[in-house]
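What follows is a group of structures, each given as structure tokens.
Two complexes, one shared chain (chain A), two partners (chain B, chain C).
Here is the complex of A and B:
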């Protein structure tokens, strides 16, 4: 096994395709990402760039017609890409938990929310202390404690059905469920995108508080640069199935290297900014027939002659301190190659 | 809405529906160009006898008065007397109804067990052998006419192999004690086990023929519903918890997938109770379907009306039960 770059998670060369009638969608094209215990990594990019597919791949929840064709998903020294369903089930929900974009739809409509949380606790305990008689009362206690910690009154909430919850309450329930098993990594796939703006801030603050208490690492998928900057230590920028830039929040915001990242940051409105808001010309490529070479080259203002034939790889930007982990996949910074 | 007020509302609606059915059936049977008196007395009866019969049956009054007389009788629980058997229609129906109920229940049990299982397996193992098998089986069930398949099966299992009887509820030489009229139940109550096993053998072919198309409908809806549910976000949540596939399917997917299936089961059961006419005829099954067909052939007006109202009543009750079950399965319906 090669050295893991992050001691918690290291995704290398991850390729995922979806076989559709229209053709093979090359959704992930060699994704590189890594993170240590307790760190928060934000994955940002436009709709369809592969953020959610990356998140689901880590849980190995990619379903037909999608499949992981190559790459490794190192998690604490085990390659999730090679594990059997049984082994995965001992990691899912226990070591890695996940919350989703549409919290109400993510809860089973015919089960009371309390029971759904208890089910998660029970499932994790059963694999931990196999053979022992499960203590249902203790599970209920944990469930009630978790509901309290996400700011819900358990007496009023535990017997409700998902359709009786607001989006914000449902996401609190999902967070309570996900954190009830004290996971090492929480994957949050656009956890606030479907919520009202005021609720978004509440949920992010709550998440921030809870994961700081428990030192849980977070992989936050979002399309909002601002959310990632506020919440995370590191940011990975994705474009059309690749991580094009990766590094600490400061390094990405102070010194964006990739032309796409620069374009993204220029497209963020700021108070006091008087110039016209810039957009990135062109459209997101069709991933059934992606552009050759660097997938960003048709839209890139700094295109060089080789960009449409060679694929750039994610490499360290040499001018910055190693702690920033600033990496970029662009030939503008790889003259020596 | 409270469940009790929901049920009360549905009950009131049911009474309206039954009276609607009653009036339509009454009017339709009276305006068809046929003469029940001719059917009873024969074509060569003297005019005086015909007039006397007409007066005796109340057929000389205007239709509207006849209808009022009939409605008055129904409200007092009197559906009139059969023109053929001269017995009260209620007595006749109660004699034939148990055989129909027995066949319908056994058919719906068969259809629900086989249909949901096939649909479930079909969805979970999509595009595999079991899915193809189940889909071909369903298409055949919906497209093959029951009376034709029934005759083929009688030919094969009775005539060629001699494994199963050709018709009837039990062998002629048996005389089971009648308690409820449901032969299987009665034989268990009285401990007449030879009757029980004999009746089971007689039930196999009619159950299959009557239940086959329902099995097919249920399997198709179950498959579609299950495929839909398996792509829902909450199934992904259940998998993200690390639950084994079996638990995800049986605990999370199945109950959600059953919600639309329950509607179909209710409709099919209503159909089985009322629509067993052909099956009952082929298998000489002494049920309500055959009673109504015979009543039609002899223009037995009170029997036709009474039988039809009974079927409408059963159908309405089954639908009410389905709606209540619906609310029990889906908490969103209780809102």
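Here is the complex of A and C:
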């Protein structure tokens, strides 16, 4: 077995393609990222950069016409990319749980909220203690306890149907369901993007409290730089199917190295900001026919002659403390190689 | 209340109301959703008037009532000193050209079966009765202005990206040489790097064409970047309005203050989210008694539950609807 860079999750060289009528979409082009137990990693980037595909790959939820063509997904020493569907089901929902952007759409519309959570707990237990008679009353207790922890009154909530919930309440139910198995990793795909800022703040606060209690690591997918900055310990910046920069939240926001990260941070409006917003020239490339070499080179203000032929790899930025894990995939920082 | 009638006010809105009737069934008495309830404000020429609030606060309805895209229930809207709510259809048509709207979703706001030239040129035909040749030239000019190319004239909306579609929507509004544009969440559907381009362009266009904007958004950072004056809406009412600095630096309403605090700043910091706004925006059908914000307000006292606060001017031009404004 290979050495894992992070003791919880280590994604290396992950490539995913989607075979469409228009051609093969090279959605992920060798994604590299890793995290330890209890850490919070934010994956940021713009629409179509591969954030969600990365998250779905970890759950092995990439379906036809998509396919993982190469790469490894090490999770606590096991390569998820090579596990059988049966083995995966003992991990999904139990060791790795997931919440989504549209909480109401993610819930079963014809089943009461309480029953859905109980069903979920039952599924997890069935694989854990096979053969034993399920104790339904104990499951209901867990469900009620979880609803309480996410700030909902179980007596009022357990008999509601998803359409009777507001977006914020539905996301709380999703969180209750996801954390009821005390997962080691929670994947949150844009958990607050559909919510108002006030509700977003409530949900982030709640997640913050709960994952600290359960020591759950979080892989947070978001396009909101503010959410990533406040919630995460580490950040991975993605562009056109690659992680272009990775490091501690401080190192990414205070000392961004990759030209794309710099451009992205300069485009974010901020309360109290007085200077003009800077935009990144050009548009996001078509991943059916991505640019050669560094996929950012057509838009890069610092491009060098080799950038359109050679592909940069994610390497440690040498000037910073190792604890920051600051890595960048750009030739500007790889002169010595 | 701002009651200036001077000529530099392009739009003066007073006691504007829009109620929607909802019935449980055919025979029940209607209940009213007070989407816009007694809103008064003025918009100065060549300024950006920002309207901010949570979903369901009535921002979008306010914008649409101003343009008479939906009919108001009461109140008046003086556009250039003419009450446009009392105009008949023919009189209104003259004003339609001067007031335009750019809406949030560039995927739904453009007719899918019309080419760009038709989308943009249609207004010219209706309002100016121009020759085909003249329309052609004007469409070409406006496309270059918004950063598109001539060859885009004969393409359909589905061939464009979100940012490009929003450029088409901007071109369609601008080509009629309007004075007032309602921007309803113009960049909410776009990525940040595209948002930056569109916002900068809107700023430049405003300068070049002496435009007046009403910018409706839920994003306070966008308001701070674009607006000169800001109104904060809650359950159909304007609870605070004033200059941008009044709102962000001399915040008077507890709701505004909590709204600002709930935005996560895009730089890592240890001290974010000390204050959390509890609860959710209540149903606009059964809005709370007294001050509508009292169930969520950390400063609420007895009087807030029973008496609706008056609109008070804490400083010239800075009005707030609260019994106990902050900083006083």
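Keep this in mind: the second predicted complex is superposed on the first by the 335 of 337 C-alpha atoms of A that agree within 3 Å, B and C clash if a C-alpha of one lies under 4 Å from a C-alpha of the other, contacts with A are read in each partner's own complex, and residues count from 1 in each chain.
FYI, a residue touches a chain if its C-beta (ideal position, glycine included) is under 8 Å from a C-beta of that chain, and two chains touch if they have at least 3 such contacts.
Just so you know, these numbers come straight off a predicted model, no measurement behind them.
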> So, does A:106 touch the first partner chain B, the second partner chain C, both, or neither?
Replying inline: first
Could you say whether A:119 touches chain B, chain C, both of them, or neither, answering first, second, both or neither? first
According to the stated criteria, A:69 is in contact with first (chain B), second (chain C), both, or neither; which is it?
neither
Subject >> Contacts of A:159 with chain B and chain C, given as first, second, both or neither >> reply: neither
### Message
With both complexes superposed on chain A, which partner does A:292 reach: first (chain B), second (chain C), both or neither?
### Response
neither
_Tell me the contact category for A:20 with respect to chain B and chain C: first, second, both or neither._
neither
After superposition on the shared chain, which partner residues are touched by A:93: those of chain B (first), chain C (second), both, or neither? first
In this superposition, the partner of chain A with more touched residues, chain B or chain C, is C
Go through the superposed model and pick first if A:61 touches only chain B, second if only chain C, both, or neither. first
Chain A contacts chain C in the complex at 46-47, 166, 168-169, 196-202, 204-205, 223-227, 229-231, 249-250, 253-254, 263-273, 276-280, 283
Contacts from chain B onto chain A in the complex sit at residues 232-234, 236-245, 252, 255-256, 329-332, 335
So, in the complex, the side of chain A touching chain B is made of residues 59, 61, 85-86, 88-94, 97-98, 100, 102, 105-111, 119-120, 123-124, 127, 161, 163, 174, 177
Listed in rising order, the residues of chain C that touch chain A in the complex are 54-55, 161, 163, 191-197, 199-200, 218-222, 224-225, 248, 258-269, 272-273, 276-278, 280-281
